[in-house]
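Look at the two complexes coming up: subunit A is in both, with subunit B in one and subunit C in the other.
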Partner chain A sequence: MRRREFFKGAGAASLALGSGAGAALVHLYAFADTANLSKVEARYYKKLPDKEIECQLCPRLCRLGDKERGYCGVRENQDGIYFTLVYGKPCSVHVDPIEKKPFFHVLPGTAALSIATAGCNVNCKFCQNWEISQVRAEQVAAIDLPPDKVAALAVENDCPTIAYTYSEPVVFFEYMVDTALAARAKGRRSLVVTGGHVNPAPLSELLQAVDAVKVDLKSFSPDFYKSYVRGDLKPVLETIKAVAKSGRWLEVVYLVIPTLNDTPEEIRRMSRWLLAEVGPDVPLHFSRFHPMYLIKNLPPTPLSTLEEARAAALAEGMRFVYIGNAPGLNAEDTVCPKCRTTLIKRYAYSVQVRAMDKGRCANCRTPIPGIWA
Partner chain B sequence: MRELPDSHPRNLGLSPYLPPALLGFAATSFQVYLIREFSVHFYGNEMTYGLVLGAWLFWGGMGSIFASKRKVPARAFWTILLLATSVFAICLAALRLSRFPLHLLPGEITGLSLMLPFALGLGLLASFPLGMLFVLAVAADKGNIRRVWIGESLGAALGGLIVSLVLIPYFSNWKGAALVGTVVCIAAAVVSGPGKRLWGAAAVAGLALAGLWAFDLPSQRLFWKPFTYLAGRDTPYGKLQVVRLKEQISLFDSGLPLYSTGDPASAEESVHFPFLQKPGAKKALLIGGGAGGGLAEALKYREIRIDYVELDPEIVRLSLQYLPEKEMQALLNPRVRIALQDGRSFLRSSRECYDLIILNLPEPATAQVNRFYTREFFELAAAKLSEGGVFSFRVPSAEIYLSPARRMFLATLYRTLKSAFRRVDIVPGDTNVFLASSAVLCLDAGVLAERVEGLGLETLFVRREFLPERLDPLRVSMLKTQLEGTEARLNSDLEPISYFYDAILWNSQFRRVEAGIMARLARLPKIWLLVPLLALGLLVLLIVPGQAPGYPLIPLLFLGLTQIVSEIMLLLWYQTLHGSAYGALAGLVASFMAGLFLGGVIGTGKKDVLTGRLIRLQAGMVLWLTVLYFLLKVPLPKAFFHLALLGLGILGGQVFITSNRLFLSKKQDYGLGYGLDLIGSFAGALAASAILVPLAGLAGLTLLLIALNAMTLAAVALKIKI
Partner chain C sequence: MAASLVVKVRLKGILGSGGGLDRLRLRRGFEAGFKALLAAGRPDEAVKAMFSPSDRVGFKINAIGGRELSTRPEVSMALAALLADGGPAEKNIVVWDRTNRELQEAGYRLNMAADGVRVFGTDSSGIGYDPDIVSHLSIGSRFSAIQSRLTGAQVSLAVLKDHGTAGLTAGLKNYYGAIHNPNKYHDTGGDPYIAELFDAPPIKARHRLSILDALVVQYHRGPSHHKRWAEPHESFILSRDPVAADVIGWTIIEEFRAAKGLPSLKEDGREPSYLFTAERMGLGAARKDAIRVVEVEA
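What follows is the complex of A and B.
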C-alpha cells in the first residue's frame, strides 16, 4: 500500500493493516475531540510513601501525588503507579522529507515516517508546534497506532526511517523505544528529534534502540533557557555529549532568534564547545526564526545574522555548517571539507547527491561522516 | 445639601456647565488614548477593547458610587481632576514601559491573565477619580443633575471630536494626551481660581504632562531596544512603527508586524498561488500588503496592471521612506494604481472587473477586519471577478496538526467561501492560502512549477523545489476533508463569528480555561445564550421592591447596557455598509452625544408627571430597537446612522434625567444613578463586541435588547410608586 491509499481512507488501509491505522486516522478526523488515552506503566519513576511518585524520565523530576500529572501533561500518577497516557496514541502522523527534520547526513533525499504525541517537558515561547506540545494528552485527537503498526506503516510507505518529532519525543519515551525496536526488526531506522531534556538512564536505553538523534540546542546561555524555554542548558549539553559518545549519529540545530541568542560571542562559545566535546564532524544547522506562538511579533532573523553565525562556526573549526529556512543563502549544500567539492546539492527538500561514493567524497575519497546507506 | 465651595465657578461668574464639561472632555479624551495605547501593547482584538472599555466604565461607576457614599467634599473637584490628569499620564507611561518589569519581549504576546489585571489596574487609576467627579459636580451645583449631565455630554462630544479630528491626525498618542491634559490643567486653574493646594496639584499634573511630551520618542526607542527605532506615526487606524535590525527593516502596526524586508515568503505565497492559477491575468486588485513585497511579486507578471488599495496612507508613506530601492520602486511603478481607502468600499464602488482579487490583510481577529471575510464580502468579490477569475487570501494555520480551535476557525472561512464560490481549494502549510473561483483550480505541483519556470519568475519559495512538499495531494485532500467534517457556522455581516473563533484560538495559546469556555459558548444554540441574560434581567426587576427608593434607577442599569450595545452594533453595521467607520467615527459619536445633550435639555417637567414620562421613554426605547431590528437587512444610507444615534441619545439622555429625578426626589444620592448607568455600560462593553455580537448576531442581540427593555417597561409601569 502506498501513501495515497494509506491516508485516503479507512477501507483499503484497514484491509492492508489488519485492524487498520487508516481506520484510526479516519476516526481521528471524525471524532477529533474525543479523549483517547493509554494506560501503560511508565519505566522511569520512583515510588514514594503515600502513593506519591517521582518521575525520573527528565531533569524536572516531577514529584506527584495521586491523580497528578507531570509537567509534560501526558504522564499521570494513578494510585501510586505512574502511567504514560500516550503510549500508541500519536496525534500527528506524516511522511516528511528527512531534510525537514533536519537530518542532512542521514539517507539524503529519503522520506521519514514522522510521528508525535501530545506533550512536552519544556515550554519554549517560540514553539512551532505548540498546538500539540503545549497541551495535555486528552486535548488532542489521538489515534490508535501501536509500535508494530508504526513499523508496518514505514514499510508500506517506503520510509527507511521513522522520526519521533514535532513535539518532544522524550515524553512518549516508552512508545518511542518500543516502536524503534519494532522498526529495527523490520529493517527501519529510528531518528529522534529532541530538545535534549532527558535523564542519563532513559537516554542510555533510548540510544540502544535508535540510530540518530537531532538535538535542538536553543541557546548557549542558561538564562535564555530559564526565560524562554523553562528548562536548563546543562542537561541538554549532557545529552549531546552522551549521544556523541554512544556512537549514534548526531546533528545539532540552533534556531537563531534575533536579539535573544544571536550574538557572535554566543555562537562562537557554542561552536568551541561542540568542537571540544563532540568534534568537528557533527553537522550544525543554523535555522532562521520566524514569528511563532508567543513570540509572534518579533521579526524574522536578518539574513546577515545567519551568515555571520555560519562563518563564526566554520572559523571555529566546525566542518559541516548549514543554514535552514533561508533558501536564498545557498548554505544547504554538503561540501567536502578537504577538496571543497559539492557532494550533495540541496534547495529546500530537493536533493541531488552529486559526488558521494559509499560515504566518501567521490573526488578525493575523504570519508564523509553520516549514515549514507 | 452641600455647601458651594469658594472656588466654584458660579462664584467667579462662570457658567456652571464648565466643570462637568471639562470633566466630560477629559474623560472621553483619556479613554480614547488609553484604549489606543492598550491595544498596541496588548493584542488588539475585540476582547482587548471590551476589557479596557469595560474596566474604564466599571471603575467610573464605582468611583461615582464611592464619592456619593463617602460624602467626598465637592471642593475637592479641581484637585481630583488635576490629580486624575497626572495619574493618567503615569498610566500611559506604565503601559509603555511595563514590558521591562514583566520581562516581556518587544514582540511577545500576552494572555488574559496579564491583560485583565492591567485593564483593571489602569481603569482603577484613571477612571475611578473621574467617576467621582460627576457626583462632586452635581453636589457643587446643588443637586442639579440635569445641568451637570448636559455639561458633561457637551464636553464629551467636544473631546471626542477634537481628539478624532484634530489631535490624532497630527499628534502621537502621548503628545495628544499631554495637550488634552494641559488644556484641562489650564482650564482648571482659570475656572477654579487661585489656591495654594490647587496650584500644587496643577504643578504635579504639568510635570507629568511635560514628561509625556518630552519622553514620547525616547520611551519608544527604549521600548524597542535592542532594535533601532527609526520612525513612528500614530494614525487614525493604529500606531505604525519602523524598526531596524542590521539590514532588515520591519514595519509594525499597533504592535503587529506588517512586513520585514528580506523575508519574501509571505508575499510570494499570497501573490503567486493565485497568479499561477491565471497566468495570463491582465488586471489584479491587491487589498493590503502591497508595500511589504506583494506589489514587487505581482509586477513580475509582465502583462499585469494592479490596483492596490491601502486603508492607511501612512503605510505607503513610511514604506516609500524606508523600503529598499526594489520594493520602493514597485510602489512607484506606472502599472500600479494606488487607492488610499477602505478596501471594501473601494471594491463596492469600483466599476472594474478583475482577473484576480487578492485579499492581503491580517486574519479576521477583529470585527473591523472580519468584514473582509464574510459571505457578503466574498459575494461582492465574486461579482467583481472576470469569468474564471480567482479570489484569494491567506491565514495562519498549522502544518502538522489542526487543533479543534483552529479547525473551527478555518472551517468557518472555508464554508463561508464555499457559499460564494463554486470552487474552493486550499494550499496547506503553516499558512493556508485559500483560492476561490468559478473555474477549476489547479494545485498540481508539477503544473504550477512549469508555469513558474515558463513565466521566468524568480522566486525563492514558490518554485519547483518547494511545491511538491507544499502541495502534496494527500495533505491537500486531508485538509479539505478535515474542514468539511468540522461543524462551523457561516461568517456573515450580521453574524460575524470568525473573530470569535480567532479569539478562541488566540486564548488557547495560554494554556488557560478561557479558550475552553469560549469554545463551549460557540457551540451553544443562540437561545441558550440569550435566555440566561434575560432571566438575570427579570430577576433584578422582580427582586428589587417597587417601593425601594432605588427602583426608578433600574432602567438606568439596562439603559447603560442598551446604549453601549446599540452603539457598538450601529458602528459595526455602519462599517459593514459604508467601509471603515474610523473616518466617520467622530461624527457618529457626536450625533449620539448631541442626542444625549438634547435629551438632557428636554428632560424637564414636574415631578408628578415623571413616572408617566419614564414609561413613555421606555416604550420609545422598545420602539426604537424594534425599528432597528426590522431595518437590519436594509442597505441604509449614512444619514440613517446619524439619526439613529441621535434618537438613541435623546431617549437615553431623557431616561437618565427622569430616572435620576425620580430617585433624587426620594433620596439625595447623586452617584448611584450615574454609577448604575456606567456599570450597565461596563457589562455591555465587556460582553457585546467580544461575545454577544459574534455569537448571537446583530438580530439576536437586538431581540435581546428589545426583550430587556420591554421587561423594564412593564416593571416601571407596574411597580414604580411616587
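What follows is the complex of A and C.
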C-alpha cells in the first residue's frame, strides 16, 4: 500500500445511515411501542431438570427457571428452552470513526458500521451507555436487521469493518457471530468492543469469526470489579490472554476514574501484567472518565492523572500507550517505538496517516503491529 | 416496643369447589383480616384507617406465574371491592404488574377505561418507566410510572413462593416488578438489594400494606410453577409490617418443606437473609419473637 496522507474529520465519518436504518439511532423508550423481540435459541446453555436451564455464555452461569431472564436482560428461559431475544434486533446503528471504538492500530481513518442491541452482563456504575446496556430487550426501540443486511449496510456505507459495541456484544453472541461470518463473506472485518466477561468456549467460537477485539479492563483490582462493575476481574484477564493467544488483534482500554482505580501502583501492576501476558505491542488506551449513570459525584479525570498513568505504562515497557477522551494532550499519536517518527497523527477523530508504509515505519522500516490494510 | 402484627386469614375449603373462587368468601376473608389487623369493629373502619377516599391506590400483584401461580384476579377484585366501600373509588384503584401480556396470562381483563378497577401493565402505551434513574444505596433503577406517579398508596399483593436464589419471593421482592432492571438484583440471594429497593423513596413512601396470596404455595423449585411442589394453603397473610409478613410466609414454606422431607432453605443455601438486612435497616421485624401472629377463620 502506498503511504497515504489524509485527514478524515469526525463529521464526515459519523454520518447517520440513510433512510430506514437511520431511524434506529438511539431512540430510547421506557418501553418500545411494540416489543420487537426475537425467539432464536441460544447456543451456550445447559438444560436442567424441571425446565430450568444454566446459561453458559458468561461466567455468571445464570440458573433460571421457566420465564426467567438472565442477568443480561436479553436472554430468557421459555418452557425449558433458552432464547436470545435480540437476534437481528439492534437498537443502535451508526457509522463511526474506527478511532471512536477505540481501535488505533486497525485501518486508521476508516469508518466502522457500529451496532448494538440492548443488554449487558455486568452493571458498571460508570456506564456511558446505560440507557441501552442496562435495560431489557423490550425497553428499547429495535429494528429488524438480520446478519446479511448488516453486512450489506457495511458495503453500502463504505465501511471496511463492522463493530459490535456500545452495550455488551457478548449478550448478543449469536447475532454477532452470524453477522461476522456474513460480513467476512462480503470482505468486511469484524471488531468486538467488550468488557471481556465471556466463557472460554463461546470466546473460542467468536474468535474464529472476528478480526479484532478491544477489551475494557476496568481496573486491576478484584474488589473494584465486585463493587463497581458487579463482575470479576479474573475472567476478563483470561479473555485478554485468549485473544492475544488466538492471533486476533487486541487493544485494551482502561477508564481512569478519580480515586477509584487511578493509583500509579495499580497502573504499574496492570502494565506489568500486560507486558508479561500479552506483550508490549498491545495498544493500551487510558480513557478519561466523565460523571455518568450512578457515579455523578466524582469530577472528570484530571489530565495530569491521565498523563501520569501513561508515563507509568510506558516506563513499564508498553510501547503504544494512548490517552482518550482528552484531545489536545498530544497523546493520541502513533509513534515509531524505534526512531520516534510520528506515524499517525490524531486529534480526537481526525486522523492523518503520515509515515506508515505496508505496516512499517516509513522512516526506519520497523514493523508496526496492527491491521493496516 | 410492640410486636409487629401479622394476620393469617384461613379460608378452609375455598379451593375445593373445582370452579372459580367464591368472591364473597374472599371478601369476607379480607374483612376479617382487616378488622383483626386494625382492631376495628367494622371492615370499613379498618379500611379508612389505612386509605382515604382521595387515595389513588395500586395493587402491585405478581403476574409472572401465569394462571397457575399469580395473584388471582378474584383475590384482587375482592380486595378492590372492600377498599371501594370505605376508601378510594374503584376507578382510583390500579391492579398492575410489568406487562399487559403477563396480566392477561394470569387471567386479568385489562381495563384502562374511566370506570371500574383499572388493570394494566407498565408497558401500556403512555405509561412506561420514569426516564430518570433513582440511585439509592446499591440500587440504580427507573421506576414504573404506576408506582411513582399514578398511585400514591401501594398494596404489595404478592404470591407466596419459593425462589431459586433468594429463597423466598413474597411482599418485599414483589417490588422487583416495579423497576426496569430486576435482572440486575438477583446476585447474592437478592441481599441486600431486595431490602434496599424497598427502602427507595418511590416504594417506601407509598407502601401501606403487604398481603400474601397463599391460597396455593409453591414451596420448592420456585418461582416457576411446578405442580409437584405446589400445595394448597388456603390463606392470606396481611401485615402493615412488610418484613414480618414475609417472615410468616417464609415459615409456611418451611413447614411445607419439612413435611415433604425437603431441606430447609438455610440447609439448601437459600435462606432469605435479605429479611434480616431489612430488619437492620429498620424496615420491619424479622425475628419471630418480635412478631405476633393472629389467625382468623373466614
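Definition applied: the second predicted complex is superposed on the first by the 341 of 373 C-alpha atoms of A that agree within 3 Å, B and C clash if a C-alpha of one lies under 4 Å from a C-alpha of the other, contacts with A are read in each partner's own complex, and residues count from 1 in each chain.
Definition applied: a residue touches a chain if its C-beta (ideal position, glycine included) is under 8 Å from a C-beta of that chain, and two chains touch if they have at least 3 such contacts.
This is a predicted model, so every value here is computed, not measured.
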Subunit A superposed: clash or fit between subunit B and subunit C?
clash
Touching partner for A:293 - first (subunit B), second (subunit C), both, neither:
both
One more residue to check, A:66. First (subunit B), second (subunit C), both or neither?
second
Subunit C versus subunit B, contacts on subunit A by residue:
B
Just to be sure I read the superposition right, which of the two partners does A:35 touch: subunit B = first, subunit C = second, or both, or neither?
second
For A:327, using the defined touch cut-off, is the partner it touches subunit B, subunit C, both, or neither? Pick first, second, both or neither.
first
Go through the superposed model and pick first if A:129 touches only subunit B, second if only subunit C, both, or neither.
first
Tell me which partner A:260 touches in the superposition: subunit B (first), subunit C (second), both or neither.
first
Check whether A:138 is in contact with subunit B, with subunit C, with both or with neither, and answer first, second, both or neither.
second
On the A-aligned overlay, A:173 touches which partner chain: subunit B = first, subunit C = second, or both, or neither?
neither
Name the stretch of subunit B, from among 1-9, 19-27 or 109-117, that runs into subunit C once the two structures are superposed.
109-117
Overlapping contact positions on subunit A, where the subunit C interface meets the subunit B interface:
29-30, 33, 125, 130, 134-135, 139, 293-294
Complex interface listing, subunit A residues touching subunit B:
3-4, 7-8, 29-30, 32-33, 91-92, 94, 96-97, 100, 114, 116, 125, 128-132, 134-135, 139-141, 166, 227, 258-260, 290-291, 293-300, 302-305, 327-328, 347-350
Along subunit C, where are the residues that touch subunit A in the complex?
64-65, 122-123, 125, 127-131, 133, 135, 140, 142, 145, 164-165, 180-181, 183-184, 186-187, 221-226
Per the touch rule, the subunit A residues reaching subunit C in their complex are 29-31, 33, 35, 50-52, 63-73, 123, 125, 130, 134-136, 138-139, 230, 293-294
So in the complex, the part of subunit B that touches subunit A is made up of which residues?
103, 105-109, 226-227, 243, 245-248, 250, 252, 255-257, 260, 262-263, 265, 398, 400-404, 406-407, 430, 460-461, 464-466, 468-469, 473-475, 477-478, 481-482, 485-486, 508-509, 511
